[in-house]
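The structures considered in this document are given below.
Presented sequentially are two complexes of subunit A, the first with subunit B as partner and the second with subunit C.
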Partner chain A sequence: MIGPSRVAELDMPGAAIEGASTRPAQSYWNESWERLRANRIGMAAGILILIFALIAILAPVFSAVLTHFQPQTIDLSQTFSPPGGKHLLGTDELGRDTLTRLIWGARVTLGVALLTVAVSLTVGTAVGMMAGYYGGWLDDLLMRLVDTVLAIPAIFLFILMSILFRPTPVSLALIIASVGWGQVARLVRGEVLSVKQRDFILATRSIGARHLRLMLRHLLPNVLPVLIVAASLGVGQIILIEAALDFLGLGIQPPTPSWGNQLTNAESYFFHSIWLVNFPGLLIFVTVLASNVFGNAIRDAFDPRLK
Partner chain B sequence: MTQPLLEVQDLHTVFSTKEGWVKAVDGVSFELHPGETLGIVGESGCGKSVTALSIMRLQRPGLIKSGRVMFKGEDLTKATEAEMREVRGREIAMIFQDPMTSLNPVFRTGWQVAEPLRLHHGWNAKKSLTSAINMLGKVGIPSAVDRAEDYPHQFSGGMRQRVMIAMGLTTTPEVLIADEPTTALDVTIQAQILDLLRHVNQEFGTATILITHNLGVVAGMCKRIIVMYAGRIVEAGPTTDVFAHPKHPYTWALLRSIPRLDAERHEPLKPIDGLPPNLVDLPSGCAFHPRCAFKIEKCSRDVPALQRVGDTQLSACWVTQAGTELKGA
Partner chain C sequence: MLAKYVARRFLASLVVVLGVTLITLVLMDRTRGTYVPGIDLNPALRPEDIARLRADLGLDRPFYIWYLTWIWGVVHGDFGRSMIDGSTVMSHILDRLPNTLELTGTAILIGIVIAIPVGVIGALRHGSKADHTLTVVSVAGFAVPQFWMGLILILIFSVTLEQHGLPWLPSSGAYSAVNGGDFIDRVEHLILPATVLSFFYMSTWSRFIRSSMLEVLSQDYIRTARAKGMSERRVVYLHGLRNALIPLVTLIGLELPGLVSGGLVVEVVFGWQPARRPAVRRARSSDSIFMRTPQDLRFCGGPK
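Here is the complex of A and B:
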């Protein structure tokens, strides 16, 4: 023991004060979670997204139990039924049940959004981290690449790629992510540059940790809050981009339902069957709004100073 | 004399800047013996920290241009990165100036203190944590079992520095480099941490390099000190001799610039005239000569080498090497 009596003696005042700490031991994550929970509007938005996600996952159950229709079942005797009765939200020009198609469309739309976020976060984080951590020529090279990607007008790139690759949910996600990773890379690089300067990185090097361990074990958790915020804000943006591409006929192709292409489809019948426009439009609006509100709530929770 | 544990020979570390090469460490040589506490003193930017980082090969973006760092018969400047990783944290540990930023905020302290054990001994989480908690207790963290579960922000500065010391000691390294371990702490805590370092030195026999700009810290801790100025060693020797009879005008001036309890009352402190030199554009000859009260003509022309002056000291000064005593107002 290192002079136990001496050390104990020295520690007494400080120890007593710290021992009597009134605040329970809480981690950064716990504290953030507490702040998020206190934000009612943010939590409502989060729960709403969660409900939509559940509906999307359980689409087959819902269409079997709730609506009793399949998304692609055509019934030409029931075209343009208004909401109510057998078809809760009406039918479209081929007699397909709108609610069923919206439920299945949630699968596609939210699935594309999720996959896009996952891909762009993974690629963007890897690139941003390497650029920020190693610096030098690698940083220059990677960041000029990002600049290039971000300098190309995204909509033209999407159009071009959608023509080259037949848009399926997966390919559409990859197309959107091919631009999305750039922003993430920039964000992560900036964060890494600031975290890298802190002494604990040098301290961790001084105990013999290798670069990969430093990046994954020590840097990544410090960048994670930024990533989570980027992800939750990204979902809304991606849904809008996807809807726009669908609207231009470059997104998900009918008969596969997505919220975007349902909206496109409804365009022609705007004057006599307004519900075909209203319901997908409302869903997109609500989901994007919820995603943005929830993203902001998470940001505030992680960094209360920003509020 | 025993065989030195660590031997730094003519180390040159440079940094590339827009204005040219900065010689942060310019021909530094010293040795560290087992169990010894060596003090390296000097003002900010004199190259003490870079010397320490160069030993660990963590001086980047600096470049070790020449020189050798002999540790257990091996030259660390020539070791591969993998070999260096084995040395770092296992045989040479380092603690840093600012305990507030030296711990990763997202991990529990116990986990962090245990990390060297997992890295170097391949111990599992449970075994390494037990050992870490034990070490936290030894460095004076009260109720270490509970505190190991806490995050760094729940510790005070002094407690964090204890945590850092515990982290450095878990693998019982042979050398501990403490880079200004008390600078960021307030005075009462400084005394506790120095006390702890002294106990560590006695208990584990860890040879310690104590880097500081505080002469008072060195006086109480180190048998031998090295005084650095502008990347060079200007004086070295046993602490008592250096303090009693400084053989370099810089040391002499430094000692007169700090308050002393035994000084005459109302005797004003004497700051050192002038400013620390610009490392990109060092003065010719002895880098200290523009601020030196004893300078002779030779000083602005030739760089003095570090040579024996008196019985026990080394000094890089033309004046004292010629036998002149440093005295006067």
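Here is the complex of A and C:
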């Protein structure tokens, strides 16, 4: 997209830029991928997230091989046993195995984050694209709606909605996404407004392309880099929000384990059972850290201007 | 020109305010329900008593009447009363607001005061060891769950220090219940929660100042200033920092609503309010009148 034309421009007669045309033409995606691969810390963070995702997907296997416990098995003779021995990372106030609950909690926590990102991106892109593309009263209407949603403090909406809809992983993701789409919509709208002015859109329109085709085939690919960056930077924040809601008792309800709700009760036991606080907290921290670092790497790779 | 712009923005924000109240009240309407869960099951209450109670509280009125009555009240400075004890919503807010502002205000202030030098050092020694270290700290501050950091700080500075007979910091509350409330006592209580909250602000803003400063320092007028022989100190602080801080003002402005609601999680961990999680608790007991106002208040704090 960018590559070939730039090389063509440089490939003019003139001694000073003799070597410029020897660089092979590469697509935007190839270039970005190369840049991303060169970022070692970013790649390490990405691989760490992949590993966590794998553990989440294969939770039954891992808990069968590693821990031999079920996440909701209560054993009142084994409450608060410290890490080591039969329970690798200790047990909680009901004698449930911490490691098992963390492994299964990864499913909930990462799953909610993924679903939230997917929903916010889909809705936000649709709204932002329509607002930016059609403009006029539709733009005004949709953007005032976005302003309104973003003006309500998120935590207040979360509190209200988690009372209205009993929070399950799916409903919790929808609750968080009900705020997240607004920012995506603003972002996409701005991007569409600038891409819309370019000549190739005019050219496409002049050969008779319809609105839907213009939006999906020509605008969307150009907005995609911004979306990828927004998504990868958003995951960490969503995990933090979800964990905080779980901690406040407004998120995933026990006995379903999530990383955040394992800390809810830990608050009262952490004086004597520090592992109940440390392991879930550390996991959230590392995961969010990894997704932020990976998100930054993606941003640097896909949009060097922003660095 | 400006007047027209201001008028347009004002109209737009009016639309947003009405939208906010409408969305909020639709959600509230869904939750207001029977006011006390299980009131219908109380054998001591006859059905006509229940009906009378509901009528007194306005629960039998249709939604739009409810909404209009409320808007009318707000315009006249009346935010409503609690359905549980009849106290005014305003009195509850005024009860808690000073504590909240004390915490968030301090945290934002400390955040700015630390973020500026951290960001400037990062930009001036771009790529050095100091820069890398500060970057790592900022990135960590962005990723650490506030409730976890709070619990760990309590464990170290309240529990462990006390166990070893060393001076320790209080772990909860805004002041001591007994013989407390003087300045020193409040500051002691403030240290841990303000540390957690300001760490977050510091991380965000220092990154921002760093990149803003880097951009400013690469501008032509900085080169001009250097070329005419101005001392490096004057270049950096007079021309560089002053211009780099302009976007920060916007950023801090956007954070103003956080003065009211930004510290919620920290407030919960450190038991900052006399009654824990008032909004959450009220919501659980369907005291819907009460729920509306903290957010409207926050909204007034900073229109986006």
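By our rule, the second predicted complex is superposed on the first by the 285 of 307 C-alpha atoms of A that agree within 3 Å, B and C clash if a C-alpha of one lies under 4 Å from a C-alpha of the other, contacts with A are read in each partner's own complex, and residues count from 1 in each chain.
Basically, a contact is a pair of C-beta atoms (placed from the backbone, for glycine too) under 8 Å apart; a residue touches a chain by one contact, two chains touch by 3 or more.
Keep in mind that what you see is a predicted model, and the values were worked out from it rather than measured.
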Greater subunit A contact set [subunit C / subunit B]: C
Which of subunit B and subunit C A:163 touches, first, second, both or neither: second
Partner chain(s) touched by A:54 [first = subunit B, second = subunit C, both, neither]: neither
First, second, both or neither for A:202, with subunit B first and subunit C second: first
First, second, both or neither for A:152, with subunit B first and subunit C second: second
First, second, both or neither for A:64, with subunit B first and subunit C second: neither
Contacts of A:243 with subunit B and subunit C, given as first, second, both or neither: second
Which of subunit B and subunit C A:216 touches, first, second, both or neither: neither
On subunit A, positions contacted by subunit B and by subunit C: none
Residue ranges of subunit B in contact with subunit A within the complex: 56, 58, 84-90, 93-98, 101-108, 115-116, 119-120, 138-140, 142-143, 146, 149-151, 153-156, 158-159, 164, 167-168, 192, 195-196, 199-200, 203
Of all residues in subunit A, those that touch subunit B in their complex: 1-3, 6-8, 10-11, 14-15, 18-19, 21, 25, 27-28, 198-200, 202-210, 213, 218, 221-222
List of subunit A residues in touch with subunit C within their complex: 144-145, 147-153, 155-157, 159-161, 163-164, 236, 240, 243-244, 247-250, 260, 263, 266-267, 270-271, 274, 277-278, 280-281, 284-285, 288-289, 292-293
Residue ranges of subunit C in contact with subunit A within the complex: 12, 15-17, 19-20, 23-24, 27-28, 30-31, 139-140, 142-148, 151-152, 155, 159, 257, 260-261, 264-265, 268-269, 277, 279-280, 283-284, 291, 294-295, 298-299, 303-304
